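Down below are the structures I want you to see.
Two complexes are shown next, each including chain A; its partner changes from chain B in the first to chain C in the second.
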Partner chain A sequence: MRDSEIVEKINSALAEEFELDPASMVPEATLFEDLELDSLDLVDMVIVLEQTFGFKIREEEEIRSIRTLGDIHAFVIKKTHQVLQSP
Partner chain B sequence: MASTLARILMNLTVYPFLILWTVGTIAVFPAAFFIWKATTRWPTDRIVRLFIWIYGRGWIVMLAPFVRFHRKGFEAVKPLQPMILVVNHSSFFDTYCMALLPFYNVSFAIRSWPFRMYWYAPFMRMANYLDVEGLGWERASRRAREILDRGGNVLFFPEGHRSRNGRLGRFYSGAFLLAMETKRPVLPLVLSGTDVLLPPGRLALRPTRIRLEALSPLDPVLFSGPGAHIELKKAAKNAIAHRLRELRPEP
Partner chain C sequence: MKYDFAIIGAGISGMTTAVILAQHGHSVALIEAAGRMGPVLRGFHRRGVYFDTGFHYTGGLDDGEILDIFFRYLGINDKIQKIPFDPDGFDLFRFPSLKEDFLFPCGYNRIQERFCSVFPKEQKGIRDFFHAVRESFQSRPYLNLDQDMSSFQKLRTVYGPSLKAVLDSLFKDRHLKRILSGHCYLHGVSPEEVPFSQHAAVVGSYYTSVHGLRGGGAGLVHAFEERLSEIGVDVFCGQRASAIDFSGTGHPEAVRLQDGTRILSRACISSIHPRFLLNLVPSGLFRPAYIRRLEALDESFSSFILYGVNRSGRNPLKKRNLFVFSADTKDPFTNNCPLEKRPLFISSATPENGRSESQGVAVICPSMANQTAPWKDTRAGHRPEGYQRVKGRIMGILKHRMEESCPEFKDAVEVVEGATPLTLRDFSNSPAGSLYGVKHRIGQYNPGPATRIKGLYLVGQAVVAPGVLGAVISAFLTCGSILDHDRIRKELNACR
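Up next is the complex of A and B:
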């Protein structure tokens, strides 16, 4: 899967779950201020991403440092490549 | 012409009466509270919730010449079983309309700003209303569980704020996580007409019909898996959205 396809899949899943305006879904958009998510939404976001991509991420330490949509893109792209390369 | 006169009369009478009713209720409250407390030995939060409900009923009587109130669907609701109520949000006066509920023992889980209305705040705190924003979810959900365990109900406006465009907004997850944690049923409520009475950004009231309808309760036991609360949220939102579409077309 190409990186652009992963980004598209993430944006589509989050837009559907959180009813986000696609125009607001730019990489630099902050989760709390720009996308108006709250701390419970982050729990939901992890579940939605796990269901969309089929891997577990809730235990990953890196999730705690996510601040923007671009951080999510980078994190999921990295995770997807790890999963594809693992035996 | 008649509707314009009704609108003028409504605005000239309802607001002054609301101020008088509020001042009068606050003045009478201490004596009434202590008499009730001494007589019944009820916990403070339960007594204050009853008085808030009576205050809301007074507001309904005040509006009755201009607004037709209607309540539906509560016949099948078991008032003795604590529930998590979720209702759509269109107007400042939505909270007042909760006096249409056939039971009074309800704690509101709301954002911080209503607690800044200093004339209401002491009563909201005594009634154990939940400042979800200020408390944070961990503390708010712990207190909500305590309220449910003591026989109270907890009411959420899952959109988090009033609709700015008349459409049902996206739902936040708090109410549904709480339902999954406590296994208490979710009762979706549909409130219509308050968007005509007083939508956000307006001060003048308009005559209308207000309807509060209880839909079928949703049992959290029927939802499972890591995303169970998300599915429960979707089920509640779909039920409310469907009924709202039947009651009024999308703007």
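Up next is the complex of A and C:
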């Protein structure tokens, strides 16, 4: 899967599951201020990403440092490549 | 009047939440669909004999232990009477096909000595295992009040390793692994699925002390009833909550009952099954992701339960329970395992109230809800003949197995009642009649106390852990997130 496809898949899953306005979903959008998510949504976001991409997210520390939609894109792209490389 | 809090569901987590909030000066309404509070915990009588349903024994209740501290805090410790189980063996694990018994004692030293003497080749693993259980148990801030609140990483409990993975990494002896998996009965999740840390949080409390209560679960409910009345909690029983009304700004405003009564309240705490909460909240308030998460939560196992009266005057299970296991069965806690080979939990330890010479015996056999699926649209008291026939056959199997595994019960126990997953579903108001509600398994993210709706909270077994201790902790955790964890923990520390 190309990186642009991953980004598209993330945006479409989050738009549906969190009722976000697709127009607001730019990479620099902050989750809490711009997208109006809150800390309670983070667990649901982990679940949505896990189900959408079929991997398990165990990087608790890294998740906590995510601030923007672009951070999620970068995290999932990195994770997808890791999964592909692992035997 | 407008209450500060309306609590939906008066099981142990709802009652505990009510006491904590009322003790902090809040006005509280406690709403229960059943005719009386604590319907599951309260048990029932048949032929003058008392039977426990929601409570059989508990850990962590010795003087100064965590449940004892909670009960002191709640002001109910002087209203209950603790009965210690036999410290030399509170559970007897019996493996009829191997002709082996293992008596599970209390106290880490005694437990390790017992295991090391039976499994001398596994001494290192035994020490490592119990050390890991204790460490894991102590790492939880509401099990160990000295533990820093911020150090606990909840998500770790979702990832594992599983109990099975830990046992496989430490031990070769299959029989030892079987014994150490036996207490999965205490949380209703298989060794493959339960995170080791969650298993440790549950069984760790039993490894240090085990108690029953005078009068069983009903004794505990009576203590709560008295306390709730002392501190002025208003209780509304016999009416199911049908909706939560919200203000234009999205805050809870009232809980509506089936008869249309509105109980006005500034905040609402739901102690019912999380999936049923979805029926009470108007659409559009929860996000689709959260709704899907609650709808997808897996349940702990359900069971068939035989209730019998032992009229022999002799009780072979005084101050201990009997677990019966078949060796070499796959998936013993699921329907993949034939009924004849599933584990049994046999309890006859509820201390008498001095009313009767006869003694109640309960035989609990795990089952999944699909075993009674053909009759899922029927209600208690209106089940068809086909269901009764199957139930009768299953009770026959359980009686036979009870007599076979515990010959002292042969010809001494008369069956007076039976329960199936459907019975449990209807009496405990859980979608699948599970013993412990929503399971805590690897990969499942259970809901937390807060929701994204300000003023709407969750409490109960699904939130933290199963059983009396798990439900009570969930109440402290939820109240901690409302009133401040440091404040609650400081107050708890003052009760030590």
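We adopt the following convention: the second predicted complex is superposed on the first by the 84 of 87 C-alpha atoms of A that agree within 3 Å, B and C clash if a C-alpha of one lies under 4 Å from a C-alpha of the other, contacts with A are read in each partner's own complex, and residues count from 1 in each chain.
One rule holds in what follows: a residue touches a chain if its C-beta (ideal position, glycine included) is under 8 Å from a C-beta of that chain, and two chains touch if they have at least 3 such contacts.
What you see is a predicted model; the values in this text were computed from it and never measured.
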Between chain B (first) and chain C (second), which does A:Glu17 come into contact with in this model arrangement: first, second, both, or neither?
-> both
In the superposed arrangement, does A:Met1 touch chain B (first), chain C (second), both or neither?
-> neither
After superposition on the shared chain, which partner residues are touched by A:Val26: those of chain B (first), chain C (second), both, or neither?
-> neither
If you stack the two complexes on chain A, which partner ends up touching A:Met45: first (chain B), second (chain C), both, or neither?
-> second
Have a look at where A:Glu60 lands relative to chain B and chain C in the superposition and call it first, second, both or neither.
-> second
Contacts of A:Val83 with chain B and chain C, given as first, second, both or neither | neither
Touching both chain C and chain B, counted on chain A across the two superposed complexes = 17-19, 38, 40-41, 43-44, 47-48
Chain C to chain A touching residues, read off their complex = 153, 155-156, 159, 287-290, 292-293, 443, 445, 448, 450-452
Chain A residues touching chain C in their complex are 16-19, 38, 40-41, 43-48, 56, 58, 60
Complex interface listing, chain A residues touching chain B = 17-19, 38-41, 43-44, 47-48, 50-51
Within the complex, chain A is touched by chain B residues 136-137, 169-170, 172-174, 177, 226-227, 229-230
